[in-house]
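A, B, C and D label the chains in the order they appear, each numbered from 1.
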Amino acid sequence: MYDKCINLLEERGVGLVDIAQCVLYLQKQHHPEIEEAEVIEVIKNVIKKREVQHAIITGITLDKLAESNSLQDDVLRDILINDKSLYGIDEVLAYGICNLYGSIALTNFGYIDREKPLIIKTLNEHSHMCHTFLDDIVGALAAAAASRIAHNAE
Amino acid sequence: MYDKCINLLEERGVGLVDIAQCVLYLQKQHHPEIEEAEVIEVIKNVIKKREVQHAIITGITLDKLAESNSLQDDVLRDILINDKSLYGIDEVLAYGICNLYGSIALTNFGYIDREKPLIIKTLNEHSHMCHTFLDDIVGALAAAAASRIAHNAE
Amino acid sequence: MYDKCINLLEERGVGLVDIAQCVLYLQKQHHPEIEEAEVIEVIKNVIKKREVQHAIITGITLDKLAESNSLQDDVLRDILINDKSLYGIDEVLAYGICNLYGSIALTNFGYIDREKPLIIKTLNEHSHMCHTFLDDIVGALAAAAASRIAHNAE
Amino acid sequence: MYDKCINLLEERGVGLVDIAQCVLYLQKQHHPEIEEAEVIEVIKNVIKKREVQHAIITGITLDKLAESNSLQDDVLRDILINDKSLYGIDEVLAYGICNLYGSIALTNFGYIDREKPLIIKTLNEHSHMCHTFLDDIVGALAAAAASRIAHNAE
């Protein structure tokens, strides 16, 4: 299941290094000394959690079904394809990940979800693909890893 | 969008009366005097919230896609068809509804999700259909309505 | 900090064995074979989490201040002393614990918070003491441990 | 209870106008046309919710007790006085407010909690006072109001 998640993320254009860059973006103020290799290990541990894996698979499956016009519900398809700003189920799934890592993860997610740096920005610019869930999943994985790093540092 | 949600629930075997019965089940200790017609009005107001509607449409779409073997992901399909007990995304969506109605809604959801009375029991017994998300959505709608009734009563 | 939490719980009448009994109550259907000693180890690990410790200390401090009439706010004191059913900050703190252990923990908490078995019942019957936060903290610790056991069992 | 909350906020240095400024800060990109008077009405409605009132009273009481050295627990007092970054119960209370207003509120809170603009910055600079809970409460009230405005605008 872990391998499947890594492959799904890769297939959709997100490598562990891309997520690590987001973690470094979140942590540069507080822990400028942290290195990418270390961050990647933390991200891997986040993705090893069963609830995280379920969120990744469910969210990416919805993105892909919307993209290939296979959702069998036109209202939901329109919402996902256009990433309507008042649709919040993608964030609900993301909070399902962040909640496991405590309040620091939630705050980090809110920040990165608004700033949309790096790979999150790239995902949002892919006009012919649907990344409604994926961009929030990436933000949540980065926020969760950043929270773990902050707790471990103390 | 409201009508679409009511129709989706009906199509999947859940009427407003079924949800009202769950609310009465949750409230009978505290507010035995409350009547079904009143409860139905509260449930309608819950379903008028945009975030609730998004949860209903997303969850039921996933159930239907799993049922018709159209999810295009066999791992997720197996999880949904078998309603694996450690898959928690259905509860995550349900909490997305309950959170809007405060802590009483969350507690009520936990109780009804474990007791599985009435229509929730019926949904779980449909072996040839997939109601992995729907049973939690019904529980969340009932829990949200029960919370609103408790707050209004004071 | 861990020792302080264990001592605070003891001082307020809650031993690890009392919490373990609540976990066994939650798990008896699913894992009847599990033993108390094993459960206690899981509970200890829950209490080792920094965010859990902060919830324990904050909640019990509020209970003690209400009890000794030292809250310096009469409205809040009345609410806590009477454990008003619509006051939900005790549950909000409890969810802060449960969220770290995923959706199964939240569901278990809702159930145990409504059934109020064992030590939770005892705490609620202490009419001359204030356990508004403590009973929810105990429920959350038990629900978190039960969730961890369910995930480990698979 | 509503009046008590408004007075408590005022007493601690936070007027409705200060919160409105934070809402405008959050919304200026999306709804630059919105006016302060309108925003203040939305904030008042947020503060009319019972669960919001309970969070305000509980959080500010803890701040005041820490400040006046009356918490009767030195560990908790040190944490609150120093606003330790890994103490997350203040955010947990804030999420108790934001959750009532959906995922947009949570995201807005994460952003404003990290940027700390305006009155939130001022509160954090009061070295002789304790605003560990208040700054998060103000952020949560602003985030909740911003979410309500976004939903109403559609």
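Side notes on the structure shown:
Simple rule for what comes next: a residue touches a chain if its C-beta (ideal position, glycine included) is under 8 Å from a C-beta of that chain, and two chains touch if they have at least 3 such contacts.
Note that this is a predicted model, so its numbers are computed, not measured.
Over half of the residue numbers found at the chain A and chain B interface occur in both copies, marking it as a same-residue contact. Of all chains, the one whose CA centroid is most distant from that of chain C is A. Computed centre separation for the pair chain C/chain D is 27 angstrom, with centres defined by C-alpha atoms.
Residues of chain C in contact with two or more other chains: 50-51, 86, 88, 92, 95-96, 102-103, 151, 154. Of all residues in chain D, only 1, 4, 50-51, 54-55, 57-58, 61-62, 64-65, 68, 70-73, 75-76, 79, 86-89, 92-93, 95-96 touch chain C in the complex they form. Residues 50-51, 96, 99-103, 151, 154 of chain B are the ones touching chain D in the complex. Per the touch definition, chain D reaches chain A in the complex via residues 85-86, 88, 91-92, 95, 102-104, 106-111, 113-115, 150-151, 154.
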